[in-house]
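Okay, got some structures for you below.
One chain, chain A, appears in both complexes that follow, with chain B as partner in the first and chain C in the second.
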Partner chain A sequence: MTKLSPQAFLGYAILALFVVLSLLPLWMSLKIGLSYPTDVFGDAERLGMTSLTFGNVLRVMGLPSDIQLTAFRAAPIDFTVALRNSLIYTVLTVTGQIFFSALAGYAFARMRFPGRDLLFFAFLAAAMIPGIVLFIPNFILVKDLGLLNTFAGMVAPTILMTPFAVFFLRQFFMTAPKELDEAARLEGASAFQIFWRVALPIQKGPIATLAILLTINSWNDFFWPFLVGRDPDVRVMAVALADFISQTGRGTPDWTGLMAAVTLSTIPVLVMLVVFGRQIVESLQTSGMK
Partner chain B sequence: MAAKTRVVTRAGRRRREAIAGLLFVAPATVGFLAFYLLPTVRAFQISLTDWSLLRAPNVVGLANYRRMIGDPAFWHSAWVTLTYVLYNIPLQTALGLLLAVLSDRLARSVALRAVIIAPYLMSNVVAGLVWMLLLDPILGLTNAWLAHVGLPRQGFLSSPDEAMASVAAISIWRNTGLTALLFYAGLQAIPKHLYEAARLEGADEWSMFRRITLPLLRPVLAFVLVTSLVGSFQVFDVIAVTTEGGPAQSTRAILWYIYENAFKFHKMGYASAISVTLFSVLILVTLLQMRLLRADHSDLD
Partner chain C sequence: MSFLSIDRVTKQFGIVQVIKGVSIEARKGEFIVFVGPSGCGKSTLLRMIAGLEETSGGTIAIDGEDVTHADPARRHIAMVFQSYALFPHLNVFDNIAFGMQIKKVPRAEIRSRVEEAARILRIEPLLDRKPRQLSGGQRQRAAIGRAIVRKPKIFLFDEPLSNLDAELRTRMRVEIARLHQAIGATMIYVTHDQVEAMTLADRIVVLRNGLVEQTGSPSELYDRPRNLFVAGFLGSPRMALLPARVIRGGPDQLTLSCPACTGPEIDVPGPFRREVRSGEPVTLGLRPETLRWDAADPMLTVRVEITENLGGSTLVHATTSDHQALIMTAAERLAVTPGTLMPLSFGGHPHVFDGEGETLRP
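Entry: the complex of A and B
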């Protein structure tokens, strides 16, 4: 066995510190979320569980629970509905954006049509516009269309395209071999059939990568849904959490309820990380390599 | 005759391809026109009006921009945002670089990188709430640990002097893993034989880092620096859940100020003027990025 040099030892110690700092906050939120409200005080330092109950999780999901808080503290936010809304919002934006961006990316890479290069340049330039510039006019548009507090209004700005998705997919269609397309064309396949049956299936890998990146973003979206989707029927997890903390007050929040709700939002993500860790890490690594 | 038919079919094929191409880009183009191009134009238009959404907009020319220049609250929010950026960027970049180099040299397992990236997979809202608990003056772990090393209780998010630094710390906690991952990917593109050659010549770790790693990582460094810089100027989510611009306006960053003007005070014109100004500043930053990236194009040759 080789002996560790002092430098390497220090390096491992720093890495271990990063691991602890990454996970400890998530563990503490889990611990509080699964504790009885009365055990939270005077127990700040304890890293292990004092008590174990799913009562808080049940009560923030609107289910019968053995933990009853007084009416003032118990904010009536149903996180089961919020979880469902996050799921609907994420599935709609991710699938819509990938499908329509793939159509456009394929056309930009493979087909000749008038205005192609100008349009693609305009799409690229749109990537530089910060969200806040778009949010105010988009809010007014969605409001004028009567789509405030609907999923249609929430997904409208991103379901048809984002500059990033179009650019990302175009890059991959550019480098794919053209021979298969030609062969399908000679057999009389229509342009859409070639796209759907031949060109798209080759890009399974890049599409999975893009789906992972977009899912992370959509699941965590806050500002836009916060502006247009405040109604409990459409409110996503992030917005519901923000509303929960403003209802219970920042001074003395309902910590166990809040952390139970946080846990509900983080557990699906952590399960995904355990199952698809390698794919998630590799997808994020490519996101900087433009 | 045969040649003529071929010409006709080729022209016909071109036309069919053009029509198909236009149909393919049509949905994305609708999205682009309705939610990118139109709102950008409207943002400029609205910034020239006095509009509460209740009555028809009233064109006021450049009055909103003049007002902005004389508005101490605007300059305060610009200053507060700048302090956030100055806390955030150097620390996040340095920590990300340290983490990337250490895992590249000592622990290349994907499991480690999956753990390091976990905070980034949480929303800013979740990160904000979890740290509100940890930084709580009474219940928080942080103050309990400070007490052990003999330091007094800190207000963190509830103290005007510490709130913005606390918000920056929360962002650093969430984003350092992603920064490290991007640097790690960049490190993989550096040929290993350069390090072997340097080691043969007796170079130590620090001089290899300075002479090989840093120069060859510069394109990735430029990309990460500018995207995180552009993102930092738009800090909002963490502030919205933890401090709402307080205490004593100490975390009223530029996006929070725009949000307040538009959606609390219903001054759409003034809010748009500030967002258009921010847009111009960020374009300058982005153009600078492009120059940096192109300048470093040939480092690997």
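Entry: the complex of A and C
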């Protein structure tokens, strides 16, 4: 066994502390979500499991379950549908945003057209506007277009592009060797073919990084979907969770059900981190992004 | 009729004129080399032929068709970049096949043509490697493969060998010469390296500052450089240049006084392009291989600085009595200690340039 130097030992100790601190909330929600409602208050201060049941998870997913809460009479919230809606919402915003932002970023980086730089700075300036200021005009627009409670309305502000994504990708397109574009051009590729077959594939790393950042953002989006997507058919996880809490009013929340739903909502993000974790770290390292 | 015809082209970057009116004609199958100092516009001119840079003035025609403002794809040209510009995400096969895939050439034909190119370049075992898994020379071959597979009308090379080490450069130089013989295509080749220029070219175009200084076969440029610039640029080691003054001019013979020379005057046999007046300042140009050790009848005496033994021959670096650098190539092995005074004579017809740097030789 190799011996750790005291400095390395200290380093690992600090890292271990932070690992515990960041995993604790996840563990607590998992633990409570898998407990019987009657056990929640009995051993709240204990870290270990006292009972184990999947009843809460099944219950919030709208499946038959051995746990029935009699205190609530509100219509049950189906988190399976919410999970599906979150997936649709996230996939639409992330793929749309990346595709269109890549087009725009590439154009800003490589193509020459009048007003290019002016347009780009206008874009950057737009990034300075706090999102909250845009909610009301966007809401009115979406409402007037009759897109309330539709996925179209929910993804409308972000699916085309966002200043951040455009800026991020433009930087990478700018640093790519120009000769590659020129070589493709000499081979007879059209502007779109150059973009699609050369410029885009060589940015796989940065695009994966961006996809991960955007996925986490979109998955956690709350306020905008809350404004325009309250209908159960389109309601995303974050909004459904909020509705779930408010259903119980001032009384005691349905802790086990809530935590089961929270656990459910973190699973897709965790899966993504496990699958792409290595790539995330690598692309963050190679891109020198903070 | 010429295959590639460049007629008084100019190129303007903003207010800077980089190419100032260049005309070049190339026959089909000719190997043309552009040489010149850094920044003289070689790459720019090549990129104008490819269509990667707009032409500001003049015309470019390929195979009788005016392509001055045509899209690069329509010029049927292939270019090998200094950085190779291989697509890093594609393997060698797909790199070579890229253009044909774009044009939707049938798969079977793509395969056979890629394999043929790979065979010519001896990279068949590498076809499914990614560029980063290749050595410099292999990347170079892959890049050339991508160029030859499309059977372009003209090949353009922009310093294709400058990223390779000396030995590989020599080998690839021979390969390019072999390739040119095998496929007989028209090639335009940019280089800094005058050995590449001398060995590969059918015709060399010497550029300086956006203008053509001289065009001609390698031996023409070597034997009859039009001016001091070309004389100094071609030939390795460089030609020694000694300042002198005309004592007596004449059509068949010049009598010069030169500070570096041993005697008060030396005679240089003609012919000359024009009458030279006495008193005119001139420059004497001596190729290293025309100098020889001559104790009996020396024309100049130099101080040896250092000798380089190249095995069969020796390079002698020396300075003249008026502190001009001079290099002599001796065909035999010479052992001279630095500081030795060495008597030299020069045979044949040395180059003579007038006060403007233009040659006085016809």
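Here is the rule we go by: the second predicted complex is superposed on the first by the 249 of 290 C-alpha atoms of A that agree within 3 Å, B and C clash if a C-alpha of one lies under 4 Å from a C-alpha of the other, contacts with A are read in each partner's own complex, and residues count from 1 in each chain.
In this section, a residue touches a chain if its C-beta (ideal position, glycine included) is under 8 Å from a C-beta of that chain, and two chains touch if they have at least 3 such contacts.
Given the structure is predicted, the values throughout are model-derived calculations rather than measurements.
Peer 1: A:Leu180 in the overlay: touching chain B, chain C, both, or neither? Say first, second, both or neither.
Peer 2: second
Peer 1: Report for A:Pro76: first if it touches chain B alone, second if chain C alone, otherwise both or neither.
Peer 2: neither
Peer 1: Identify the partner contact of A:Phe223: answer first if only chain B is touched, second if only chain C is, both if each is, neither if none is.
Peer 2: After superposing on A, A:Phe223 lies in contact with chain B but is clear of chain C.
Peer 1: Could you say whether A:Leu21 touches chain B, chain C, both of them, or neither, answering first, second, both or neither?
Peer 2: A:Leu21 contacts chain B only, not chain C.
Peer 1: Should A:Gly188 be classified as contacting the first partner (chain B), the second (chain C), both, or neither?
Peer 2: second
Peer 1: Does chain B (first) or chain C (second) touch A:Ile202, or do both, or does neither?
Peer 2: A:Ile202 contacts chain C only, not chain B.
Peer 1: Is there a shared patch on chain A that both chain B and chain C touch, and which residues make it up?
Peer 2: none
Peer 1: Spell out the residues on chain B that touch chain A in their complex, using ranges where they run on.
Peer 2: Interface residues on the chain B side: 14, 16-22, 24-25, 27-32, 34-40, 42-43, 46, 53, 98-99, 102-103, 105-107, 110-126, 129-134, 136, 138-141, 143-145, 173, 177-178, 181-182, 184-186, 205, 220, 223-224, 227, 230, 234, 236-237, 240-242, 244, 255, 258, 262-263, 268, 271-272, 275-276, 278-279, 282-283, 286.
Peer 1: Which residues, counting only chain A, touch chain C once they are in their complex?
Peer 2: 177, 179-180, 182-189, 193, 197-198, 201-202, 204
Peer 1: Of all residues in chain C, which touch chain A in the complex?
Peer 2: Against chain A, the touching part of chain C is residues 50, 52, 72-73, 77-79, 81, 83, 85, 87-89, 98-99, 102-103, 146, 150.
Peer 1: Quick check: in the complex, which residue numbers of chain A touch chain B?
Peer 2: Residues of chain A touching chain B: 7-8, 11-12, 14-15, 18-19, 21-26, 28-29, 32, 40-41, 44-45, 100-101, 103-104, 106-108, 111-114, 116, 119, 122-123, 126, 128-134, 136-141, 143, 156-161, 163, 166, 190-192, 195, 216, 219-223, 226-227, 237-238, 241-242, 245-246, 250, 253, 255, 258-259, 262, 265-266, 269-270, 272-273, 277-278, 280-281, 284-290.
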